[in-house]
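See the structures that follow.
You will see chain A twice below: alongside chain B first, and alongside chain C after that.
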Partner chain A sequence: MASETTAPGIRVIPAPVSDGSLWGFSRPQRVALIVMLVFLGVAPFAGLYPVFLMKLLCFGLFACAFNLLIGYVGLLSFGHAAYFGMGGYIAGHAAKVMGVPPELAILLGGAVGAALGAVFGWVAIRRQGIYFAMITLALSQLVYFVCVQAPFTGGEDGIQAIPRGKLFGMFDLSADLSMYWVVAAVFVIGFLLVHRIVHSPFGMVMKAIKENEPRATSLGYRTDDYKLLAFILSAGLAGVAGATKSLVFGIATLTDVHWSMSGEVVLMTLVGGLGTVFGPVIGAAVIVTMQNYLAEWGAWVTVIQGGIFVACVLAFRRGIVGEIGALLKVKL
Partner chain B sequence: MDRRSLIAGAAILGAVPLVRARAQAANTIKIGVLNDQSGTYRDISGPNAVACARQAVADFGPRGFNVEILVADHQNRPDVGANIARQWIDRDGVDMLLDVTTSSVALAVNDICREKNKVHINSTAATSDLTGARCAPTTVHWTYDTYMLAKSTGGAMVRAGGDSWFFITADYAFGHALERDTGNFVREAGGRVLNAVRTPFPGTTDFSAFLVQAQASRCKVIGLANAGSDTTNCIKQAAEFGITRRGVKLAALLMLIPDVHALGLATAQGLVCSETFYWDLNDRTRAFTARVAPQLGGAKPASTQAGCYAGVLHYLKAVQDMGVAQAKASGVEAVNRMKAMPTEDDCFGAGSIRADGRKIHPAHLFEVKTPAESRAPWDYYKLLQTTPAEEAFRPLAAGGCPLIRA
Partner chain C sequence: MDELFGIPLPLLFGQLLLGLINGAFYAMLSLGLAVIFGLLNVINFTHGAQFMMGAFAAWMLLNWFGVNYWFALILVPIIIGATGIVLEKLMISRLYKLDHLYGLLLTFGIGLVIEGVFRNEFGSSGLPYRIPPELSGAWDLGFMFMPVYRGWVVVFAAAVCLATWLVIEKTRLGANLRAATENPALVQAFGINVPRMVTLTYGAGVALAALGGVLAAPIYSVNPQMGSNLIIVVFAVVVIGGMGSILGSVITGFGLGIIEGLTKVFYPEASATVIFVIMIIVLLARPAGLFGRTA
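The block that comes next holds the complex of A and B.
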């Protein structure tokens, strides 16, 4: 932990030291970042299935977006599936019916996620704790039922045969490997954006709100504005992740807007490590890998997932990355 | 429990998938059975469809190439099914996807097989769009479709005087197609469709609200545009509400023999349904049933499962005819060969596959026996009439399949 205790109950967060590092990455974080980037570059050639990697990256970005809210502002949203799924539907509809190129479809998905987040956030941030979680859940269920009934989502069939299209009208993405580089780029940009947000002055206020909201208010910050903006950013990134996923798989379905998806992203973030930069990515990797390789065990996957969740909460409360960080005495 | 033992446990769990061996052989045809192994449609597809596919491989016998069968559960979700199909084709080298229950999943898999040039032999999905607007050169649709069910069952109901209909429809591609196709026949025959309610799928188990709505419409026939346990639940609940006692007829548009078995003859007696295969139809179907029955856990094969058998058998014949290497290289070529060869098997007799991928065979209209009439377990059907193969299915030109115009 970077904070130190000076007097009982008062924690002083040291101001970020500018050492010319890239966007506030500490040295161990830089090492981890390089490891991650190398992995992204090498993985498809190391025999890993590109579609699986893409799924992993989409969920990684989704978990990062979620972590921005819970890890740094302390807001537990239980309705992130709404932005993720709606982003997917909008991108799928745009790419399939309107013939929009993939880069625009992804941006459009993000924009819709952000717009939805603005409306829902505006309602939800008026309450705290369990009430906040319940309001977000209720609103996301609203979105779910719209998706079940609205003609453009195709109901239970979903939007099928979404074309990947041509990036900038030039590069054909139908090959898995070329799509992989696009997804990897989207992921890295999203990941760096989250990190940049967290380490900006805006991010400092976010953390202040998490630590002690009344004090942040007393210092003159309009905490509601900060919370709303964080909410919009998080929802927008979730929309981008959903849009990318629907282009990868060529299908957008109700699974992505279902409340269990909201639960899954909470699980990913908790397993990886709440409020760590790399935690959500690792958590998403663990959960997606598990679902993939244990799929043949059918209903047992959820039981195993539940077991892991219990184990994490009992023994590894800081999550995988949080525990490793504590072990090495660094902040990852 | 301490951390150390948790870590050790996790490490062991993590190692499990690594044990899975990966074998690749150029001389092996890989068939992936993708269906519902755990949900609503388990009984009409599920493990028994896999057993029927294995039976086909056994009956085909060793002919100089290996056949491997993979199985997966798509949970009736198109995204899960599409994922498995992609992974099977890209990573495991699967050459043919079989069964693919649930129309929404089937349509998604259909697109993937077209894109990747792999064979898709569909038995249990019913939507007639598979050989209509969304037909693909890589698809063969074997057992039945919504048009055939609508024509056979729907037509019979209207002729018997049921001229005002209310539909209870499973809210996805299959239900929509079945409601559309049946509604057309009802209107053509001078009947009226009063209304329809859409029930969420999968996951609806309580149909009472929908049944009450149907009853309030004062229709003569409630059309059940659903399948599997949705249909059996509707029929049971309609009996409990006394709807059938008051003279309203139920049209179970897609009811298969496992559904009758689940309902019991006391509830199901007198219902009519259409099938293209019945285990007790003739000597050949009885011979097939005798061969496969030991693997089915006491059940008799359903028509959809028989379709898996016949589809695999015909595919393997085509593979042998054209050579394994060529069959693996091009799904379109393999399907073209299947269309060129006449089909011949114990379940459906002699038949053929049309240019749009539709397998053609006669359709039978059955009435469910009363408990007194049934002499043996699974002795459930009385044959009412048979529609010849040429009339049973939608005419080639009426489907709107792009392959036909080309």
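The block that comes next holds the complex of A and C.
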């Protein structure tokens, strides 16, 4: 009987009707996407160094993965370096010691990142807000210390001379330009995947949790399950980004699992704009470019990054893309 | 009776003492974090940098101005606490109406700036700070030699923690503070200047961190990274203890220091990670922390 009565006041929410947008990209976003894709296609021929571009794309993907959590579920993970760095180590080890082809090494890095994210996420989602940030930071420090001691990471030396190998056993990737196309493909797939996740019914629930978690619970969603799945997806993509980076540079070191790397990805996303589609990519581009030009300034880079943090939080909370979007009155 | 479980006693007690000293710093720093968090709802990521500033301030006072350890013990908390007050007034106070996470990001950024500036100025290698002559030497306790300074750190830190607890739990000022933690609007309605109290509380928390830095200066080498390495462990300590109780964070701090020391004796490979592992276990068994009240 209970199943037949519909209590008054309960509205059945219809499935979101397609508004004519393609894959959830609105019209301005489609324009921005095309601009980005054209840039990716033209950049290596326009005098930009492919290795620099690849670094930028790896960090762009890393920031997109991080943004999936902070921007759409409202979870601030302060330990994403653990998944990024571990993905790099695993891919490096697989490619160098086990002779695994690059596409599998990258997938393996992502899988290990996701597995680590599943365990850590399961622990960390027991607490919220500031505690969540502190727990994820402490867990990533645990990974850091394990990496210092574990034999396969090579300790202070890291894993060096990782071969890029042959894609599908056929295409040699040792030339920077061929590697660039692989990295660009990985980036675009990851970027579209994040967008697809955010605009899926699952993504709607994620956003509902961000806006009002008790309400999402009262509507019958197991919010912890959604948070955990979002965490796993984010950690897996971070692992893919780290794995790709280690293949590009042929090296996986402790720098990538250190807490300062977790801080950097937060900064990139914050600079670009939390919860925007293109913000993390722009933020990563800005920060990586800045690091490149200021490399000889040593510790001043840290000072400048800290200063940008402070400026963003105090005066510029929407980030670059968020501000542009607000100016043009569109969501980018 | 020179051994216990096959471990020489001097080694065991030596590591226990080191553990107690680390525990003293964990206790003082997590106490400061808890006090600040209670009233400001901000987790002070700059805490590690402020601890490091305390150690450097003691070093500068000694080497540039000839001010000795004992005066540094009084002057440094005042100076660094004052910088904290300026920081709160200028920046942190602007964020109280926003999501708490912005406070975390802001203080993290400030910490980066401070650490970077000190690294430019002093390099990454440590500077030595001599143990004051009154506290140098060691006592022969029969079963081990106890350096006087190390004993002093443990006793002094315990006294500071106890004093903080007394102020918060037993004085009128502390009563106001606890009331403002529960309900700032109501306390303000009774005519107490809550914003000023918030500012002074932040200053006091920072002063505690700086005092810890002065105590640490003769033990660890004074270097720009000394704070950031410590603060992440302190975060784990805070998660384990929960920030609800002052005494709780002190007990957790000392207790975890001792456990870490014992791990160094029995299973040295795990000594860097044991606190994080304990954190995981506590989160699984008691998500609110050992002394925490709310999740």
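Everything that follows uses one rule, which is that the second predicted complex is superposed on the first by the 313 of 332 C-alpha atoms of A that agree within 3 Å, B and C clash if a C-alpha of one lies under 4 Å from a C-alpha of the other, contacts with A are read in each partner's own complex, and residues count from 1 in each chain.
Here, a contact is a pair of C-beta atoms (placed from the backbone, for glycine too) under 8 Å apart; a residue touches a chain by one contact, two chains touch by 3 or more.
Everything numeric here is computed off the predicted structure, so don't read it as measured data.
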If we overlay the two complexes on their shared chain A, which of chain B and chain C does A:310 touch? Say first, second, both or neither. second
Which partner reaches more residues of chain A, chain B or chain C? C
For A:225, decide between first (touching chain B), second (touching chain C), both and neither. neither
Just chain B (first), just chain C (second), both, or neither: which does A:211 touch? neither
Go through the superposed model and pick first if A:137 touches only chain B, second if only chain C, both, or neither. second
Quick check for you: in the superposed arrangement, does A:255 touch first (chain B), second (chain C), both or neither? first
Have a look at where A:263 lands relative to chain B and chain C in the superposition and call it first, second, both or neither. second
Go through the superposed model and pick first if A:172 touches only chain B, second if only chain C, both, or neither. neither
After the superposition on A, what does A:123 contact: first (chain B), second (chain C), both or neither? second
Can you list the residues of chain A that touch chain B in one structure and chain C in the other? 148, 298-299, 308, 314
Which stretch or stretches of chain B touch chain A in the complex? 1-3, 6, 10, 13, 16-17, 37-38, 72-73, 77-80, 82-84, 86-87, 90-91, 103-104, 107-108, 111-112, 115, 171-173, 200-201
Complex contact set, residues of chain A against chain C: 76, 78, 123-124, 126-131, 133-135, 137-139, 141-142, 145-146, 148-149, 259, 263, 266, 270, 298-303, 305-310, 312-314, 317
In the complex, go through chain C and note every residue touching chain A. 37, 43, 91, 94-95, 98, 100-102, 104-106, 108-117, 119-120, 228, 232-233, 235-236, 238-239, 269, 272-273, 276-277, 279-280, 283-284, 287, 295
Touching residues (chain side chain A, partner chain B) in the complex: 49, 51-52, 55, 148, 155-158, 160-161, 174, 176, 249-251, 253, 255-256, 293-296, 298-299, 304, 308, 311, 314-316
